[in-house]
Structures are given as C-alpha cells and as structure tokens.
C-alpha cells in the first residue's frame, strides 16, 4: 500500500511542480518525478512481498510467489520513453534558453492567444 | 494471406533508421515508405473487410503476446495515414530543403510508424508505446530547425510538457487496468471490463481520456495545438493536423468504445467537450491574424466536431465522425500545404535568409493571380472545411447532422449550436479567400512552378471533389469501421482461445 | 433525362467558358452568350411539360431526382432569360476588367445553380445547388475588391446562417420521414405534430427570409447589390434573391402543403399572418430608407428589399389572388429591377463608374435608350397602369381589401408611394435636370447594353397590357397548389367582385393621349431651346454649374430621418462587435503560459473524475 | 357607351374650367375685389394656345401629354352622377394609380428642362403627395373595407341605399379626415407649396409657356374635378347630375374659402400637419370601419 | 371694352385673347414697382381686366419696365424679354426708361430703353399713378386691336441692330443670339 501512496505522492508532487514552477528545468524535473511515480506504481502492481524473480527454469519456486514480470517490462519501456522525453526536453530547453535568454516560462510567452 | 500487416509498421520503422544512412537520397525514402504502406493497406482492405486479421507477435498466443488487430477501422486509418504521409512527403521533397533535412525524414517516418502502430495494435501498452513514438517525433518535428527557429522551440517545449503529463496519465491508467485485470490485451481487457462491476473503473477511464485528450486536442487540453501547428513547417503542420490529432481521437474512441463500452456519462461529457472544443476553436480562429494559427484553431474546431459526432455513440454518429476525420484530413492537409507554399514563395521572394513558417493573412493578398493553382487549392480546402457542396466537407457535415438528428432530443439542439460554428468558420475562411483573390497585394515576381509541390495539391483537390460527389466510395469501409467500434462483443470474440 | 443534360450543359458550360478564356477572350464571350441563350431556349422548350422525379444521381444511397412542373418552369424560364440578358450586357460593361474568365464562369455557374435549385425535386439536391449558388454568388460579389469585400462577407455569413438553418431542417425532415423526395415528404408531413410544423417552417422561414431579405434579415442586401459588378447586381436582384421566394413557395405550398401552412397557430396569430406582417414591414421601411440613398445602386438595392415584401405578403396571405399576385410580382419586379440595374450600368459605363446621384444629371439627351429603360423600369416598380407590376400589385391589394386586412393593404399602398418618391429621385438625378459639363461629350450606350434594355422594356409593356400571358402559367401553378383557379383572360382577371381589364385602361389612355396630342398639335409649334436657355431670374447661368438635385427630399428628411435608421443593421453590427469582443476574450484562454496549460489538463481530469464518480452508469 | 365616353370628359372639362373661373371670382370677392369674369380661364387658355412657346426636348412635350392624358383617363374611370363608362376595369385601385400619371408626366416634362426651380418644385410636389397619400390611403381603405368592394359605382349605389357615408357611423371619421386633406389634394393654399409662384417661380411650370401652360391649366381643371368628384362619390353619396354638381360646388367653395384666408405652409409644416391630425383621424376611422359593421 | 362680343371673338380670337389676358412679368427694376401692388390688389384690382402678375417670363406676355434701368438690370431685362413667348408687349413705366429721368446723367443708367428692346408703349410720370397703368393697358388694347403693338416682330427683324446695341453697353453677351444673325463677319 505504501508503494501506491508513495507513487501517487510522487505523481502529485511532479504535477504540482509542472503546474506551479516557473523554471523550465524544474518543470522537467517535475515531469521526471511524475514518470518515476508512474513507474513506481507499475512496479508495485506486480510486486508481491517476498516474491522472487519470475524465472521458470527453477521449478522449485512456485508460480505464486513470483512477481509479475509484465509490469517490469512495461516499466523498462516506460523508463526508456521517459529518458527519451527528458533528453529531448532538456535539449529543447537549451535551445529555448539560447533564443529567449531565460528559463522562466512566464517570460517565454511569445506564442499565445 | 499474402502480406502481413506487420509490414505496415515494420517497413516505415526500418526505413526511418535507414534514412539517415542514405545521405542525399534520404528524401526519397519517406515517399517510398508511405507509398508502400498505402499500397499495402489498400490491398489489405478487401481482406480485412471480410474478417479482421489478428497477428500475434513473439510466438505466444493472445492474450499473452503483443498482437496486432487489423480491423476495418485500423486499416482505414492506416490507409488514410499512408495516403496523407505519401502526399505530404512528396510535397516535402522540395519543401524541406534546408538545415535539419536528414533528421526530418527520420522523424517523419517515425511519426508515420507511430501513427500506424497506434491504429493497428491490439494491445493497450503497445498502443501506448506507439503513441509515445508518435508524440516524441511530433515534439521533435515541432522544433524542426530549433536552432534557427525561436517559436518552434517554444512551441515544442510547451507541447512536450503537456504531452508528457498526458502520457503519464495514460501509463497510470494502463497500470491500473493491469492491476485490476492482469492483462494488457485490449480484447481481453474489454472482456474483463464487461464482466466487472467495479465502481472504480472510472478512474482509468478518466486518465485515458485526459491523457489521449492532449494529443486529440480536445478543449481545454489543446493549448499546445495552435502553437505547434502554426510554427512548424507546412508539411509538419499538415501531418499534425491531418493525422496526429486524429490518432488521439482514435485512441480515445478505441478506449472508450472498445474497452469501456461507451458508458453514457462519458459519452455525454465527450459530446459536450466536443461541442465546446468546436466553438472555442472556431471563435479563437475568428480573430487570428496569422494564417497558420487560424488554420490551427480551425483544426481544433474540426476535432471538436469529430468528437461531437463520436459522442453521439450511435452507428451513424461514429460513421459520421470517421467521415469527418477523412474529410478533415484531406481538406486540412491541402489547406496547410497550400498555405505553406504561399508562405514559402513569399519568403523566398522577400527574405530568403530568414526562417519563416508563419505569416500574416494580409501578406497573402493578391496571390490569386500569381499562384492560381495554389490559391484554387486553398479555396477548395477552405470551402470543403466550411462544408460547401460539392466538396467532401459537405458530406461529412451532412452525416453528422443527420446522426445527431437521428438521436433527436437534446442532441439535435446541441447540433444546432454546433452549426453556428460553421458560420464562424465560413466568416474567417472566406475572408482569407477574398483576400487572396480580390485584394490588391504587393506580391510581385512570385511564380508557382514546382511540380512536386503542385502534384499533391491536384491529388488532394481531386479527392476532395470526388469524394464530395461520390461519398459512397467511403461508406462501406466506414460502416464496417464504426461497426467494429460499436461491436464490442465482436471485438472480444476475435480473441483466440 | 433532358433535365440532366440541361444541367450538365449549364455547369459544363461554365467551366468550359473558363478554359476557353485562356484561349481567346472573344471566343469565351461568344461561348458564354451561346451557352446562356441555349439554356434559355432549352428551358423555353420545356413549356407546359410536367414530369416528376428523374433520378440522376445517388448520394449516400439516396436517389437524387429532378422534376419540371409549372412552378419550376416559371422560375427556370425567368432565371435563364435574365441570365442570358446579363451575360449579353456584360460583354461591353466588363470589357477591360481583370479576371474575366473567372467572371463569366461564375455568372454561368450562378445561373446553373439557380436552374438546379428550381429543377431539384429532392431536398439534398436543392440544398447542394443552393449552396453552390451561395458561394459562387459570394465570389462574384467580392469580385470588385475594396468595398465589395465586406459586402461579400456580410452576404456569405447571413447566407450561411440561412443555409445552416435549412440544412438542419432538411435533415430533420429526412430523419423523420425517411425520404428526401419532395412529393413524398408532402405526403408524409400531413401527420406531423403542429409543434414540429412550426419548427420546420421557422427554420425554412429563416433561410428564405434571409435570401429574399425579409425585413430584420435583410442587412446583407444593400451592400451586396451595391458592390457587385452591375450585370451581376441585375442577376442578384432579379432572380437570385427571388430564389428565396421560390423557396417559400416550395416549402410552404408544395412540401408543407397549403392546408398545413394555414392551419398552424403560432401562439397569438396564425403563422402566415406573422409572415404577412413581416412582409408589410419589409415593404414600408426599406422603400423609405431608399429615399435617403444617394448611390444609384444602393437606392435600387433598398427597393430590392421593399419589393420583396410584396411577394412575401402576397404569398403568405395565401388566397388565389394573393398568391398569383405574389408570384407575378416576382417576375414583374425582376424585369423592372434588372432593367434598372442595366440602365445604371450603362450610365456607370459611360460616366466612368459614377453612380452618385448628386453628381449626375441630364443624361437623357445623351443616352435616350438607357433613359427609356429607366423610365419604364421605374414605372414598373411603382406599378403604373400599363406596366407589368400594376397587375401584380393590384391583385395583392385587392385580395387584402376583400379579405378585410386594410392595415396590410395600407402598408402595401404606402410602400408604393415611398417607391414613387425614391425611384423618381433615381430617374431625375440620373437622367433629368442639368447635364454637368463634364458629361458633355459622352456617347450613347453600346449596342450590347441596348439590346437587353430594349427587350426588357418591351417585356414590361407587354406584360402590362397583356398580363394574361404570365398569369396563365401562374394559374396552373396555383391550381397545382390546390387553390381555386383564377378566371384569367388575356387582358386581366374577370372575377365576380371587381374585375381588371388592362385593355380598357390601355385604350382609355391611348385615346386620351391621342386626343391630347391632337390638341397639342393645334397649338403653335414650339421652338427648341438648349438647356442653357432657362429662366433664372433674368440671369444667364449655364446649366451644369449648379445642382439643385442634391439632397432632393431635404424637407422630408427633416421629419423622417430620425425614424429611418436601419435598426436591424445596427443590431447585427452590435452583435458582431459583441461577438468580436467575446472571441477576443475567449482567445485569452490560450495564455501562453505552460503552467496554465498543465493546470487545464489537471482541471479537466478532475472534472472528468468528478462527473464519472457521480454517474456510475455502467 | 361611346356617348358617355365623349360626354364625360367634356362635362369634366366644362366643370373644371368653371371651377377655375369660380375660384378666381370667389377669391376676388373675398378680397373685396371685383374679380375677373367667370370666362377668364377660357380667355387665358385661348391666349396661351396662340402663344409661341419653347420646348426643351421630346420629353418636355411628351410629359405634358402624358399628364393630361392620365387625368383624362381617370375621368373615364370615375363615375360622375352615375355616368361611368369604364367602371368595370379595376375600380378605385386603378384610379388611385392612374392619378399618378398627372404629376409624373409634369415632373418628367419639367425634368428635361433642367431648371433648378423645377427640381425643387417636383421635390415639393412629391413630398406633399406623400404627405396626403398617407391619410388618403387610410380613408380609401376604410371605404373599401366598409363596403367590401373596390368599385366606386357600387360604393355610390350602396350609399344611395344607406345614406351618405360621411354621416354613417363607421365612416364619419374618414370623412372628416378627407375634408382635412382636401386642400392638400387640390393643391390650394395653404398647400400650394409645389407651385409657389413667389418662392420658386411656380415650380414645375416655370418653363411652361404657350400651349404647355394651356394644357397644364386644363390639367389643373381636371384635377379639381377629380379630387372633388371623388369625395362626392365616396362620402356624399353621388346623386343625379344636378345634385352631384351641387355637392361638388359646395365642397369646392369650402375649399376656396380655405384657400383665400390661409398663408402658405412650408413643406415640412405641410407634411407634419398631414401626418398629424388627418392621418390620426383617418387611422381611427379605419379602425372604426374595421370594427363597426 | 369688347370682351363680351362673341362675334369678335369668333373673328379674331388671337387678338381678343391677347388683349384680355395680359399676364405681366413680375419684375421690379426701380421705384415704379411701388405703384404696381395697389394696381394688382383690392384697391384697383387689375385682375378684372385679365391682368395678373406671373412668376416667370415664359408665362408672361406683358413686360412692365417699372423704373430706371441700370446697366446691370438691362442684362436681366434683355434675358427676360427674350425668354417671353411671342406675342409679347413691353411697356415702359415712368420717365426713367423713356429718357433717363432724374438719372439722365448717371454713368450707369440706360437712357433710352428702346435702343435695346422694342417698347410698345410708355407711361409718363415720376412715378405714374396706378390709374395710369390702366390707361396704358387700355391703350395697349387699342394698339393690339389695330395690330400696332408689333414690338416683338420688330425685335425679330432688327435683331442684329438690337444685339449690337446691347453688346455696346454690356460687352459680349454670354448667351447665343436668339435669332440667327446673317452677317457674322465682324
């Protein structure tokens, strides 16, 4: 349960940062936090307390105690995606700083209305 | 079965990574890939219409493996995507010529891959992955030429932030569903959800709609759209407007209809949201001075109409929505491409060393005489978007209104309100048409002579008129597509085992 | 099948004209004239034929059908005739302007679309042709650029509102009665509830009200008429606006059926009386506003609205006489206004585009044919005996009086006097009074302008003296609506209560005229003087130096001007401003701050969450 | 029929000319003058026919002919003491329209002469006619609505059964209103603004001389005849030739009295007057005619 | 006064009607006009002889030159006279039009009106009494009866001469000659 609470806390914190903070880097950190929270959530879905790795070669371990491998695979993918997004985001932030001379999103407002 | 639908995803993906290796020939790869997809999907259509194809990947039987579910809906979207992709890439052959050319082609193919993947997959997580491919390539394409293009960067950053939040929501929702039912296969999920009587299922649904809604640009999640569509180069705007946001709508509808069985409360919310999107989009477009931004807001409006049609949740409504997707894709692509060519010509004439992707409406004045074919294309696209016969937009509007009226009651009233948007749309588009044809401008020495750019115009305009006069050619596939969306039992029944 | 070929010719001709223009402009002109004349001949050949439901196309599984009957023949003949005359008129008028290929194509396209409208026998083809007409009209109105552009936008926005209403109504009918074919709907609609009837009639009323410029919905018209190229103004006023009247006839009497239309009680009054009163208001106010105008075309444009009121009044009143009067007035008015626009066009052509009534004058000596056209045109518009409109107006007045609606009749009659004042100003300031010196050397109007003017002038006299010619066709129309047949003969109406005999009037005036003429000849022969030789308190003032026709009705304006504002236009203008402000406000949603955008997403999610948790309906 | 056709215009001519003479004579007597002989208008007309006039063009000639022909035609449609050769050809509406020929013809004729006074005169004439047409139409409509016919002959014959319309309950307001606007219809003072000789040199007729003026004078005579005879027909119940003539004289003399003692209105004053009480009374009269059966 | 003699009317209607329907041009040139209103109104009532004032020369056949004629007025007088329809009669009223009267040495006054337009009769006096106007009218009747009031014919025949005289005083006239001038060889 604590995992779920923790993961949602992470997500909410991240969202708060993304919504409220002005600095682009901070916003991206917030997004990373959201990602992490979601990942944690996925992991905790498949997690069984005291479970083992889902390797079927060892027949002695009963299937029930194995943690679900699918969320882990999902998380792996999600991490990769998150990484890509973060990388892209940071590179864009660099460009944004190059063009606007600031990281303050309140000032990067040329496109509006 | 001769060809596998897997190729629809695999070939562009492969080509995407081959493209950077090809050097100067890279620009011919996207058309080739898209053409391949187009031919393939058209070949597949008759087969798919008979019965949907299910392709399992990885050797496991479904629901344990990743599988592709190639139904009429999927193949219809795939065909539409590849058609749009093909025409736009032909256009881009001579349009995207400066600076980040190589990356463009890779990203473009990736976008096509992502889009095709989303519509063909039968696995919710796989859908998410393809969706992310689509999104990330969109972010990057928005920032095309970020180094020279200030606004592109800004739009991309904003798009990315919103998109990421949306993606996180989707992933969260997928996690929840997996937590509840332990499966990711959509048919399997649908089966479980249909049986479940859980009162918490609305939570993943909420997250799904909010997540996919960002890409689908429903109000108020669409703040990225006017920025991204207006600042990116014309082909990119076109593919965004014609394909990317429709994919978002597809994803929402797939989730809502197939997984969750279209509960009334969601559908009515979608209906209202669609209506709001329509009105807000058109109202915002009404006061734009920037032609591309105006068209972008118009896209919002059209998406609103699509969502509205889907929100009716009847067969005719969905058919109408799909028809509207087709009509919007064709018309909006033509619109963006023609605008792009006009901007390009003006830019080449006036400030060749600046990187300009957007322009004031007034700058287009008098172009009708210098660029007759392009202007004609613009006019046809605008007329079609407004819904004048005999263009395709008329048929789609007809279907939507008819669907709403068939449902009757409050839906008819809402439809009446939605029709006001058409009037607004007419007002602002026709002002531009007037400007192009009947105002005197300072444009001199502009010519249109680029065959690669003009050919897509011809094809699109011909399609718009042809499908406007003979909408019957689309009805069969659209009917079975909408049948697929509505027939949840049938979808579940396709699940082997 | 012939109808299909006819329409194909019409539409095909339009496009072929465009491409011929790329080859040779002369060829294009001849071809355009040829096509329009061919259409006229072809339509004329359909006289008396009545054939229902040629299917010609399939659209979404619905068969689209065409038909010809007396109603559609009547309108089609008028459309093609005016179309042909306008194209002929264009030959010289448009010479040397830009984009002529486009112009001729659009002229023919509008023509073709109107033919399509009148021949359509199902609602989808009706709507499709209607919309083609709308947008091609829009393009033609905007053709002149500058001031024409706002006029075009105004037109198309109003028109779109109308089309959307009609679209909604058509599909509602389709959904309820499962058919689009007019004759089948007419059978099905009998069983509809009265609320639904009102709903449908209001929707179509708005559409056709906008197109035929019924009073609160007229605001597009003055600008559009004024700013479009004059030959097209003629088409616009002559037939295109009257498509609204056709629509009224079609929907109220064919689709809905006469009994249906009159049985509806819309609250306080019967539905058709509301429409009658709208028609009456439409007669009175615009004709008086027309007096204020100084632009010749704008003046005529306001008459376009005002005279439309007679048609609406006659049609909505719904007696045999009223209906016949309304339909006949459609034709008569069209002849007159086309003629007047052509006269204005001729003047405009020779005077370098000047239409300002305060700076023209005395052109009668220079352009006698145009003057004759204008004189007959205004006589027709007034409805002087022996001109065509007299008969139609007479029919309308008579039915109003006999059915004891004197207030409606008052509106109609007082409208006529308003018409006299304003059209006389038009005639006087254009053709009479002093000839300004700068127009000393202008020439006669060219032959291509004279031909239509002469044809239309003679039509006015012919239909005025022998009104039985059109009335015979109209009689078959109204009997097809289920009304009593009129006792029509060649020179008028012979019915029990008060007859009309134009031959008597004609003879009386002819004899009186010849007697007076003989008396005139008895007197000493007068000697001709120039316009310089005028009494000016003994002073010699060369004419043309001063202009007393400016501000022609100044004393009257002091009284009426405060009451003669175009309130509808003001209201719509206000609405537009409000909407613009509103849209400025709505735009601010997209504030440019990504933090807000993220918040929007969260709020949306929260809202959905809230709504979903509230209604767990699955 | 043919005799009627020839006789009626002659009667109208004689009465009209007689009225013109009477007009001048009575005015003179009111002014305490001796006044011209009753035949003075005839002398004037003869003289004018012998004068050599100027012509400003074809329309100048044509207009005056049209004007007089229009008036003459009206007379053929207007019953005089039951004599009406063309009563079955459209009734009161036709008359209302035929009445337009006279001012229109004169206006056209004057228009070609390019004299500024004429422009002003036409403008005044048209405005004035608009002014009195508002109550007049209301009055005519009241009569037509009440008797449910548009034929004057029938109106007259019904009055002979039921009594004069001006004294009947539904129409007396209309009758009063008609009396109030009669001077304006006849163009006598205070409503002679269109031909004000002192202000605009007799307005439309400023370029008329010789036979043109003669024809215009005859037209004026006809106009007097028509205006008064219409009133007698509609409200005073017609009668045989003698009674009809007496009624006309009675009405006419009342008009002359008004003429002789009033100064001239300005144009807007005239219109304000006509759209004031007369129109209001006429409107009430119409309401009365609709409601009271 | 033979106004009521039918036989005469039948014989010479033109002369008779011309006599008894003299319409005077309402044209004020000088102080003499002060005597005209009493003539027209109740006191003397010219209308009983058929004399009435009219507003424009087109309608008039009697031209009363009431008082001195300045050069400026002469232009208007000539213009008005030429616009009157024939037959037309001119009566000089008072001594000024006859010989300049008290303005005999004025630089700006015409001394002899009949040099510029033909005058059919004169009324002497400074100014004459209203009764003199009646005398003039009756005198004019006799002249008309005898066919002697032919000023307008004279004007037509000797137009060249008159025109030359007029132009001598007024300079070139703006309006074209009323009648064709034969020898234009100036």
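In this document, chain identifiers A, B, C, D and E correspond to the written order of the chains, with residue numbering beginning at 1 in each.
In this section, contacts are C-beta pairs under 8 Å (C-beta built on N, C-alpha and C of every residue); 3 or more make two chains touch, one makes a residue touch a chain.
As the structure is a computational prediction, the values presented were derived from the model and not from experiment.
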| item | value |
| --- | --- |
| Minimum number of chain-to-chain contact steps, chain B to chain D | 2 |
| Maximum centroid distance from chain A, chain identifier (CA atoms) | E |
| B-C compared against C-E, more contacting pairs | B-C |
| Most remote chain, CA-based centroid, reference being chain B | E |
| Distance between the centres, which are taken as Cα means, of chain E and chain D, whole angstrom | 35 |
| Chain A and chain E: spacing of chain centres that average the CA atoms, whole Å | 116 |
| Geometric centre distance via CA averages, chain B-chain A, whole Å | 27 |
| Centroid spacing, where centroids are CA-atom means, of chain B and chain E in whole angstrom | 97 |
| Contacts with two or more other chains, residues of chain E listed in rising order | 56, 58, 83 |
| Multi-partner residues of chain C (at least 2 other chains) | 533, 535, 537, 587, 590, 594, 598, 602 |
| Where chain B touches two or more other chains, by residue | 157-158, 161, 165, 226, 284 |
| Touch relationships between chains, expressed as pairs | A-B, A-C, B-C, C-D, C-E, D-E |
| Complex contact set, residues of chain C against chain B | 58-61, 98-99, 124, 127-128, 131-132, 134-135, 138-139, 142-145, 148-149, 152-153, 156-157, 160-161, 164, 167-168, 171-172, 174-175, 579-580, 582-584, 586-587, 589-590, 594, 596-598, 600-605, 608-609, 611-618 |
| Of chain E, residues touching chain D in the complex | 3-4, 13-14, 16-18, 20-21, 23, 26, 41-42, 45, 47-50, 54-56, 58-59, 61, 83-87 |
| Chain B - residues contacting chain A, complex | 125, 129, 132, 136, 139-140, 143, 146-147, 150-151, 153-158, 160-161, 164-165, 167-168, 171-172, 174-175, 178-179, 182, 184, 226-227, 230-231, 284 |
| Of chain C, residues touching chain D in the complex | 361-362, 364-365, 375, 379, 382-385, 390, 394, 397-398, 401-402, 404, 406-407, 409-410, 413-414, 417-418, 420-421, 424, 427-428, 431-435, 492, 497-502, 504-505, 508-509, 511-513, 515-517, 519-520, 522-529, 531, 533-537, 543, 546, 548-549, 552-556, 558-559 |
| Partner chain A, residues of chain C touching it in the complex | 587-588, 590-595, 598-599, 602 |
